[in-house]
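Structures are listed in the sections that come next.
Each of the two complexes below includes subunit A, the first together with subunit B, the second together with subunit C.
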Partner chain A sequence: MPLRLCTLRCACILLVILPQVAWAQERTGTKPGFVLPPRSATILLIRPTISVGAQSTGGMFEPDADWTAQARENIAAALTLAQTRLGNQVIVADEPVGPAAQVMAEYRALFSVLADSVMRYQFFAGNRLPSKKRKGQFDWTMGPGVAEVARGTRANYALFVSNQDQFGSTGRKFLQVFAAMAYVSVKSGEHTGMAGLVDLRTGDLVWLNADMAMGGDVRTPEGAKKRVAQLLEGFPGSAMPASQTVK
Partner chain B sequence: MRWFCAILLAAAQPALAANTLVAAHVPVAVARSPMTVTPDCEWNRMGARPGRRSESWTIDGDGLNEVTFYGGIEPDRTLFREVDKHSKPLPRFSRTMLLTDIPALFESSYRIALNTPVMTIETIASARFLGEKGVAFTYTYARVDEEVRRRGDGVAAIVDGRLFMITFDAPAIFFYDRDAPAYRAIIAKAAIAR
Partner chain C sequence: MWPGQWRRAAAAVALLTGVAAHAEPIPSLPPYSGAYQPQGVDERGIWMEFDERERSFRDSTVVINDAPLKAYVMQVVCRTVGAARCQAVRPYIVRDTSLNASMAANGMMIVHTGLLLRARDEAELASILGHEFAHFELRHSLHGFRHDRTAGGIAAWASVAGAAAWAYGGRSAYDTVRVARSVQTSAIGSTYAHTRDQERQADLLSMAYLKASPYDPQRFPDIWDQLLDEKDATAHGRRQRSTRYDRAGFTDDHPSTIERTTTLRQLALAMNKPGEDGKERYDAALAPWRAAWLSDEIKRNDFAGTDFILRRMAGAQWSADLLFARGELYRARGHPRDLVAAAGFYREVIARDPTRAEAYRGLGLAQLRSRDAGGVAALRTYLTMKPAAQDAAMIATLIQ
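On to the complex of A and B.
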């Protein structure tokens, strides 16, 4: 009887741990055949989408304006340092005004939705869409209209960056502890980061690095540097090391 | 203790049902109903169902393109699973509803299910669907905390007192225009076994 109880407990613990292991499986994808030799292209860096806040006891995201402002400043500084090591010329996109600002905002938002789909339906093997399962496939696009965000520049590619950090509230942390006692998996805090390179001729996503468990506290300069290094890990044409890739 | 268990259940990571491939040019029954469709390209059937008598298909993920089939919603039933039955109950299909009431039912269901105030029915027109008199409508909406504008189309008919409907939505940028023809091909070949 004690042995059966022990087996049951082990099974429960595995059930708690396994979903998180599954989420961590893959985080980088590259379009088959895509290579970006150093000094061959101009990359337009789009202003990152950043949102920081707390995760309530029930798991709702509660944005925090101060934390978000700190993170924007820290990530911008870290990106300025990192862009010199990307292997190709990087130009920073101007903040457009008028109708162009609307177009830019919509494409930045669309990138977040696209990258989220890649994470959920291709990187996470347990929920992969059958049409995305074929070996070596990485077929994602935001359409050729994305070239509009680079009008007037000589850019060949656009680099989109999106971050959302939810820091677990005290209530959420308590819930996590009590849930663990009942062998139920509850996450406290979620730190999602996505960086994607888009071919401006076709709109195809040629490289994506995305993870729902990013490191680095973006509210501090050091944490933001760590986050940006993780986001640009394995960036095509750069000397940054490659991370786990799509199989 | 009851509240604690409720939060625990809500917060626990949900088990994921497998997504399956829907082949092109092969008739397939949808939403556990007598409605069949014949898509002209490959789709993925989502493992998670939005309701008891509905199912969703997608090409690239439900955030980028999604067709939802409602296979005979019975009177006094909702289109989707309740999200907050006590404080925000979903509207129910009623046997006294006219075809012209269906877009409003869909609009208020979406507003509650997606918790978004940004949902508008743009056009309503009569249409033939499943060999019956039906209603076609278009809509726009945005999900909460998201700046992506989405467009959608729907077509519905009431057959033997039950609501049959197919809807499609996608981001207004690129995806709607690219994938709407595949949705229209599904509508064109939708049939119901009697």
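On to the complex of A and C.
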């Protein structure tokens, strides 16, 4: 069978049954007691998962190679700039080869599962697992084995970033207008992002920020700066005067 | 109308209704230029997404990264589609027990171990890999994406029209909603119909590759016949109805297997081309993997289906590894009669190959569960032969 990118069927069903999804009440979590003193950390940036494209009339994602390439460049630059302002050093992870590549792939996959679980079972207050109900609790870990991904670097934290942007196409916007006339709410465009910081010594997830409605056009350097500022909202150690962080 | 026009009109109607599918001839091979690069926003976007997925897929633990095995599969691709075309392919062998393979727009070819286990010879494997390559050469991911997008747009507009009729009422509101529903259903149905057509095209082009290759094209319908028999065995074992003669349903993304095998058999017979099946090469290349894949197959919890595969693989002569797999299958189901049968299989394995420690393990466990004290001796033999086995400590607790 030919592999498909995304199935239309989901898009159609979404259009019909999910006019408005009430998204997570909470967007960010920090491990209690965790502080990242400025100018102390070397952060390993794991290759961000970035995908930018358009949203078709029916709600299908249409990936765009050029936009994605621009976004990848802009976001990386904005991330480095934001962290340098905090005094932290950001090193971009090399693409590993051999057994190290397998380890990296496993931990990237594990992180996406972990982040997904945090969003589902922690950020949704009503859906919290019994073991995650204590007030102020944020107890998630990838295990100390994650240190393997930073072997040979001086990094003490790993930063995972993922981002998907679907810009509403003209057809989608028209549909939105006409649907509104028929009292149906149709969302045009979807901009989701997530960033998480993992302590490489213990493997603990010390901070996670997930936002299902982000601002900033990542295709431009200015927009990417705004997006990164939102992604890093509540980043440990960034609780400095707001004027110092990027806008 | 002139007679010629009539014929053309009839052909057009037949094409539209899909009647002509059986009569379609094998296409001639399209011209091919190497190192194809994606063109346009859609195709470049799709390739980018698959490139990104391939990055993580390449390093995934579900992929069997064995150089000789990969090289062998690549050789089969090259023998099937030709030395120039096969350069575009990067095969990934995935530990998955289903008979399947798939192809991404960018040349990433995924081959399941379930296919490698079930295909009886190289020609059968070649026909499936040719089919997958046809999806790549015909750019089916791209065309499917575009079709889905158009159909999605139509479905979305139809649902808005329906909602508007519902909201504003009026005399024809009911009719409008009904028409909108029907348009929506057709649009969604057309996406499945489109993938079924793509599968038919890929079958035809695969036949064209087989025609130009050293392989016997009869093996292509053979693998489908075999799949039908296996499904029947599974259905029988589960007390279910056979689906052999079912037509493709609304949401089926492949034509029915019976349609495919019938069409392909006609084409292969018409081609009447002798060819090799490459069985010796195939068996030699996959021999190191068979035991592991059989062990995966047994875990599918499909007793009758797996037993069918084992019996078919064995033919008239049961080899030691197939007998061992059969013993494991029977012991896993574990009815009292299965344990007796399993013990019999293990004994036969031991008679043929007394160095096989796992057969003693299976025999001992089957005997112990049948309250046969002889099992202790068999398990002791297992531990003496393999003192460092992973389950040594656990087995030791059984024989204290």
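Just so it is clear, the second predicted complex is superposed on the first by the 176 of 247 C-alpha atoms of A that agree within 3 Å, B and C clash if a C-alpha of one lies under 4 Å from a C-alpha of the other, contacts with A are read in each partner's own complex, and residues count from 1 in each chain.
The rule is short, and it goes like this: contacts are C-beta pairs under 8 Å (C-beta built on N, C-alpha and C of every residue); 3 or more make two chains touch, one makes a residue touch a chain.
Bear in mind the structure is a predicted one, so any value in this text is a computation, not a measurement.
**Q** Touch check for A:Arg120: first (subunit B), second (subunit C), both, or neither?
**A** A:Arg120: touches subunit B, not subunit C.
**Q** Which partner does A:Gly143 contact after superposing on A: first (subunit B), second (subunit C), both, neither?
**A** Touch status of A:Gly143: first partner only.
**Q** Mind working out whether A:Ser185 is in touch with subunit B, subunit C, both or neither, as first, second, both or neither?
**A** first
**Q** Identify the overlap between the subunit B-contacting and the subunit C-contacting residues of subunit A.
**A** Residues 57-59, 105-106, 108-109, 175, 178-179, 182, 184, 186, which sit in both footprints.
**Q** How about subunit A: which of its residues touch subunit B in the complex?
**A** My answer: residues 19, 57-59, 61, 105-110, 112-114, 116-117, 120-121, 126-132, 140-143, 145, 175, 178-179, 182, 184-187, 203.
**Q** Taking the touch rule as given, give the residues of subunit A at its contact with subunit C in the complex, in rising order.
**A** 1-5, 7-9, 11-12, 15-16, 49, 51, 53, 56-60, 62-66, 68, 101-102, 104-106, 108-109, 171, 175, 178-179, 181-184, 186
**Q** For the complex, which residues does subunit B have touching subunit A?
**A** 4, 7-8, 10-13, 16, 19-21, 42-44, 47, 58-61, 63-64, 145-149, 171, 173-175, 178
**Q** Residue numbers of subunit C touching subunit A in their complex, please.
**A** 38, 41-42, 44-50, 52, 56, 58-61, 100, 102-105, 108, 110, 135-136, 140-141, 144-145, 148-149, 151-157, 159-161, 163-164, 166-168, 184, 188, 191, 195, 198-199, 202, 253-254
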